[in-house]
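Next up, some structures in C-alpha cells.
Here come two complexes built around subunit A, the first alongside subunit B, the second alongside subunit C.
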Partner chain A sequence: MMVDRRQLLVLGALSAASTTLAACGGGDADDGSGAATLNFAFWGNDDRATKYQQAIDLFQQQNPAIKVQTSFAAWDVYWQQRSTEAASSSLPDVLQMDLAYLAKYARTRQLRRLDDDLGDGLTVNGIDPNILPSGRYDDGTYAVPTGTNAFAMFYNATLLADLGIPAPTTPLTWAQYQQFITDVSAKGAGRPERVYGSVDYTGVFWIFLHHIRQSGKDPFTGNKLNFTEADLTAWWESTAALRPTALLPAKDVTALKPVSPFAKSRTASEFAWDNQLAGYLGDSGGKGEFKQLTLPTDSGTSGLFYKASMLLAVAQNSEHPQQSIKLVDFLINNPEVGKIFGTSKGVPVTQAQRDAVQASGVDAQVLAYEESVKSSVGASQGALPEGFGTIETDFLTIAEEIAYGKTTPADAAKRWFADATDALTQ
Partner chain B sequence: MSTVRGRAGSIGFHLGSLAVLVVVLYPGVWTVASSFKDRSQIVGSANPFTATPTLDNFRTALSGIAGISFWEFFGNSLLLAVLSVIAVVVSSAVSAYALARIRFPGRDLWFALMIGTMLVPAHVMLIPQYIVFQKAELVNTFVPLLIGKVLATDAFFVFLMVQFIRGMPRELDEAAQVDGAGHGRVFWSIILPLLRPAIVTSSIFAFIWSWNDFLGPLLYLKKPDMYTLPLALRLYIDQTSTSDYGAQIAMAVLALVPVMLMFFVFQRYLIEGVSTQGLKG
Partner chain C sequence: MTATVDVRRRRDIAAGYLFLSPWLLGFVLLTAGPMIASLYLSFTSYDLFSSPSWIGTQNYTRLFADERFRHSVTVTLGYVVLATPLKLAAALAVALLLNGRRRGQGFYRSAFYAPSLIGASVSIAIVWKALFGAEGAVDEIGRFFGWNSGGWVGNPSLSMPMLVLLSVWQFGAPMVIFLAGLKQVPAELYEAALVDGAGRIRRFLSITLPMISPVVFFNLILETIHAFQIFNSAYVISGGNGSPAGSTLFYTLYLYMRGFADLRMGYASAMAWVLALAVAALTLIMFRTSRSWVHYGGDPS
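After this line comes the complex of A and B, so read on.
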C-alpha cells in the first residue's frame, strides 16, 4: 500500500527541506495577531461537538484572522489517533488532554511547556491554585485544566423511599455504610428483580485511591505506588462478609454492562465522579432521583480532591503557538464558553465561567455538590503515572475474579502488585 | 423401512440445523430488533423484542451528528467503497495478467515479493506509512486509503487473479497471438471476459473490506465531515459522558443494508468465484 521507493526518497527529501525552511521562516516570529488555521482535537460525543462548535464560532468572531478546524472522536479512538500523530510529530495545535495521558506526552516533549506563557498570553489567575498544578509534569506545566470533577457517593432517593429505608447522611463510617448496604439488600430481596445496596465497590480503583487518601497518604509518589500489598488485601477483604448476599452478583453487573446497575435501580448506591449524574439520568429512563454525598470515612478526612476532568494542551510541533495559546486562554476564561458548556466538561475551573453557568437541573446539582465539599478537599491530583490505565484495568479485572470467587483477596493483591510494579516501571 | 429411517434422520438433521441457526442468528436479530426499542431498554435485556416499538432511534441516527448528516457519512463510505472496487479490479487484473502471462526478467522474484507483502502484518507498516502520508500532506484526504489499491498492492486480489489466469488454457492466447493480437488485445478480448468470476469475487471483497474498514479512516481522516460510517458509529458512545446506544444500533443497522444487498445480489458469483478459483491448478 505504498508509494515506490524512489518517490519515497523524493518525498522524504522534500519534506525534510520544507520543515527546515519552515523552521527558518519561523512560525514563532509572528506576534499572535497573524492569520493562522489551527487544528483542535477533542474526545466526546455529538453533544460536546455542538457545544465546542458554538464556542469556536465565538472565538472566530473575536479573532477573525484565526480559523479553527475541529476534529473529534470517541475516547479510545481519540488516543489511537493522537499516538500515531505523535509518532510523526503532527499533533493538532490544541488538544484535549487527560491526567492519565499527560505524563506520556509531556515526557516525550510532544507538548509545549507553558510556564513562560502563564500570565503572558495565558491568563490563569482565575484558576484555583489547588487545581492549576494538575497540568504539571516533572518541572513544567504542560496542560491547563478546564474543568473539575469530585468523587461522590450517589444514592437513589426514589428507590430508598420505595423500600422504606431512610437516606444515608454524612458523616458516615465505612462500617455504617456496609450496614446500610445490608439493610437495603435485606429489604430488596423480596422484589421480582432483587435490589441490592451496592455492587462490590472495592473493585473500583478510584474508590480505593480515595480510601488511601483518607489515611493521609498520596496514592502515588512520582511513578511509584505509595501503599502496600497489605493495604490492598485489607481493602478487598473488607467486603468479604457482604459478598454472598448483600452485594449485586458480578454476573448481573456484567449482564447490564455498559450501563450501571445503579442507573437501572438494581442497586441503591454507587461511587462515581459527580458529573456521572447526567449519565445516570440518561440511562435510567427517568426512573429514580439521584443524590450525592461525600464518601464514607473512618479517619474524618474525606480524601476528596478536585480532579481535572479535562485539560487543554498545545502541541510542541504547532506552527502557531501564540494563536493556539490564545484559543486555550479563550476556552478557559471566556464566560460565554462557561455558559455554553455548563458542567458537561466538569465544573469550570475559573470563577468567571462558574458564575456564568446558568445553573439548573444537573448543572445546579453538580455545582452545589462541588461547592459543598470545598472545605474538605485536599491537594489536587497531578499527572497520573504512565501506565495508570493499565493498572486501573488490571485492578478491575482482578477484583472481578474475587467477586466471582475465583481467587482470594490475598492472592489477588499479590498478583496485582506484581503486575502494577511491572507496568509502572516500563 | 430405510425411507422411514431416512426421513426421521432428515427431520432430525433439519431440526438440529434450525437450532444451530437460531443460536447463530440471535446476535443479528437482537441488533436489528433492538434498534426499534426505546434507548433506555436496550442494554441489559436479552429479549430482542419490545411491546412498544419506536422509530426514534432511526430518527436520531438519520438526523446526523453535530451538524453532519447521516447521508454525508454514508456518502463518504460509499465513495471510498466504490473507488476501491474500481481501483482494485483495474489494477489487480492488469498486474495479474502481467505476472501470469508475460515473461519478463525477475518475474518470479517480483511475484514472490508480492506474496511476501501478505506475510507482513499491516500494523508493522502503520506508523511509517502514516509518517510518509503526513509529510506528503495527504492526511485528511482519501488518497492514503486509495493509492495502495490503485497501485495493486492488495496482494490478495492479485494472487487470486493470477491463479485464475494460470488455470485458463494457454491455447486461447496463442490462437489470438497467431491472429496478430498483442498483449493489450489478448488481455482485453480473451482474458478479461473469462476473468469475470474472479473480478466479481474481488469486487465484493473489496467493497465489504472498504465499507467495514475502521483503522484506515481512523488514522487518515480527522475531519468529522470526512468520517465514514464505522467512525461515525463510535460518536454516539462516550465513556466520559452520556451514550446513546439506540442511535448507535440504528445507525449500525442502516450501515449493514448496503453490505447485505451486495451479498444477496452477488452471493451466487461469490461462491462460483471462490470454488472455480480453487479447482484449477
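After this line comes the complex of A and C, so read on.
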C-alpha cells in the first residue's frame, strides 16, 4: 500500500477542511445562539416525559436554532445507560442527576464545572442559597437542583375514620407512633383483608437516616458512616415486638410490589418523600385521603431537610455547552415550565416557578407541607457518598430478610456494616 | 504435476478459510476477544468511569469471603440439582408417550415443544409472576383446596419451586432429542424381550434406558449448563434483586447486580470466570463418570 502524491494531497485537504469545520463549530458555540442538536436524558415515566416534551417544545419555539432530542428510562436502567456512556465519553449533553450519583460523575470529571457559568448564562438568583450548594462536589458546582423534596409521614384519613381511630397528631414520639400502629392493627384484624398500622418501616434506609439526623448527627462524614453497628442493631430491634402481629407481613408487601400497600389501604401509615402523594393517589384508584405529617421524634428535632431532587447537569463531553446551559437555565427559571410540572419533580426550586404552580389539589398539599416544616428543617444534604446506591440496596435486601424472620437484627447489622464499609471504600 | 496439486490444494484451503471467515471473525471479535478482556478485568478494579487498575487476585480472594456470593452459590446449586433431573424426567416421560404411532402425533409434538420456544422470554416470566402471585390462578386453586399460600412469588420457600416449575415446563428441546433417540432403538430387542416374557418396566429399564443412554448423557450435560445460566426469569420475577429474602439470588443475578448496578466490573468478571471454570470442571467430571453408565451402540460389551 503506497500512497501517491495525489492521494496525499486529498488527505491533506480533507484534514485541513475538518479542522476548519471543527473551528467553525467552536466559534458558533461561544454565545449559545448557534444551531445545535442537544441530547437530553432523564429518568421517569410517561407522565414526566409528556411534561418534559411540553417544556421543550416551548424552549424550541424561543430558540429555533436549537433542537432537543429527549430520551428517558426507569431509574435503574437510566443509570446503567449513563454509566456505559460515561465509559466511552458519550454522555448526553444535558442529563438529570441525583445526589446519590453526583460524587461519582463529578469526581471522574464527566460533568462540566458550572461555576463560571453561574450568573453568566445560568441564572441561579432565584434559588434558595441553602439549596444551591447541593449540586457542589469538592470545590466546584457540577449540577443545579430543579426541585426539593422533604420526607414525610403519610396517613390515610379515610381508612382511620372507617376504623374509628383518631388521626395522629404532632408532636409524636416513636413510642406513640408504635402505639398508633398497634391500635390500627388490632382494629383492622377483623377485616376480610386485614388492615395494619404500617409495614416494617425500619427497612427503609431514608427513615433510618432521618432517625440518625434526629440525634443531631449527619449520617455520613465524607465517604464514611457516622453511626455504629449498635445504632443500626437498636433500630432494627425497635420494631421486634410489633413484627409478629402488628406489621404487614413481608410476603404481602412483596406480592403487591411495585405498588405500595399504603396506597391500597392495607396499611394506615407510611413514610415517603412528600412528592410521593401523586403516586399514592394514582395507585389508590380513588380510595383514601392521604395526609402528611412531620416525622415522629424523641429528641424534639425532626431531622428533616430539603433534599435537592432532579438536578440538571451538562456533560463534559458536550460539543455545545453554551446551548446546553441555555436549556438548563430555561428549565430552572421559566415560569411556564413551573406550571407544566407542578410539584411532580418536587417543589420548584426558584420563586418564579413556585409562584407559577397552580396551587390546588396535590400541588397545594405538597407546597403547604414543605412550607409547614420550614422552621424545623436542618442543613441541606449535599452529594451523597459514592456507593450510596449500593449500600441502600443492601439495606433494603438485608432488612427484608429480618422481616421474613430469616436473620436477627444483630447479625443483619453486622453483615450490612461489612458490605457498606466495603462498598464505600471502593 | 505435484506443483499443480499443491496450488489447487492451497487454493482449496484459502477458499475454506474464506467461507469460514464470518464465523472466525465473529468468534474472535464477539467471543474470544471479550473473554480475554474479561479475564484481564477480573484482576483489576474497574468501574467504567476510570481506567482499570491492576489489583492482582484481590477480586478472587474477596469473592470467597463474600457471604452473599456463597449464598448465591447455594441458591444456584439447589436450583440445578432440582430443576435438571425434573426437567429431564418430564421430557423423557412425554417422549415415551409420543413414541408410539398415534393419530395427530405431529400436532402433539409441536404443542409440547411450544413452551420451550417462548419459555425463556420476559413475557412468560411476567405471566408466571401473575399466575403464582397473591390472588393469582395458582393461589386461587390452592385456596379452593384449603391451602392458603398467600402467593408463591412473595414466599421465600415457594419462590424457588415456582422457578423450577417454569424450567420443567420448557422440556420441549430435550424431549425432541429423546424422541429421536427412542426411534433408534431396534424393534427386535423389544420383540425378543416380549418372547422372554419381560414386562413394561423391565423392558424400559433393560432395553430403552441403556440404548438411549448416550442421548440421556447429552441432554444431562446440556441442561445442567443451561440451569447454571438461569437469569431472565429470575431477574423479572424477583424484580432484579433476588427477593424475597434472597431466595432467588442466583449466581448470574448477583453477577449482574455487582457489574451493572454497583459498577464493580472487575468483581463481576472474576465471578464470571469462577462460574465458567466450575461448569467446565463439572462437565469434565460428568464425562469421567459417563464411562460406567453410557453405552454406545458399537461398543463391544
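The rule is short, and it goes like this: the second predicted complex is superposed on the first by the 397 of 426 C-alpha atoms of A that agree within 3 Å, B and C clash if a C-alpha of one lies under 4 Å from a C-alpha of the other, contacts with A are read in each partner's own complex, and residues count from 1 in each chain.
The rule is simple: contacts are C-beta pairs under 8 Å (C-beta built on N, C-alpha and C of every residue); 3 or more make two chains touch, one makes a residue touch a chain.
Just so it is clear, the structure is predicted and the values come from calculations on it, not from any experiment.
Overlaying the two complexes via subunit A brings subunit B and subunit C into a clash.
Within the superposed three-chain arrangement, the count of touched residues of subunit A is higher for B, of the candidates subunit B and subunit C. Contacts of A:Trp43 after superposition: subunit B is touched, whereas subunit C is not reached.
Looking at the shared chain after the overlay, A:Ala423 reaches subunit C, while subunit B stays out of its contact range.
By the document's definition of touching, both partners, subunit B and subunit C, reach A:Ala87. Of the two partner chains, subunit C is the only one that A:Lys104 touches; subunit B does not reach it. Of the two partner chains placed by the overlay, neither subunit B nor subunit C lies in contact with A:Thr245.
With both structures placed on the common chain, the touch criterion links A:Ala255 to subunit B and to subunit C.
Looking at the shared chain after the overlay, A:Tyr404 reaches subunit C, while subunit B stays out of its contact range. Across the superposed pair, subunit B and subunit C both touch subunit A at residues 80, 84, 87, 255-258. Interface of subunit A with subunit B (complex): residues 1-3, 8, 11-12, 14-15, 39, 41, 43-50, 53, 69-75, 77, 80-81, 84-85, 87-88, 90, 92, 255-259, 264, 275, 278-279, 282-286, 309, 344. Residue ranges on subunit C touching subunit A, taken from their complex, read 45, 47-50, 62, 67-68, 133-134, 150-151, 153-156, 239-246, 257, 260-264. Interface of subunit A with subunit C (complex): residues 76, 79-80, 83-84, 86-87, 104-105, 108, 110, 249-258, 387, 389-390, 393, 396-397, 400-401, 403-404, 406, 415, 418-419, 422-423, 426. Within the complex formed with subunit A, the subunit B residues making contact are 38, 40-41, 43-44, 46, 65-67, 125-127, 129-132, 134-136, 139, 147-149, 151, 153-154, 218-219, 222-224, 231, 234-244.
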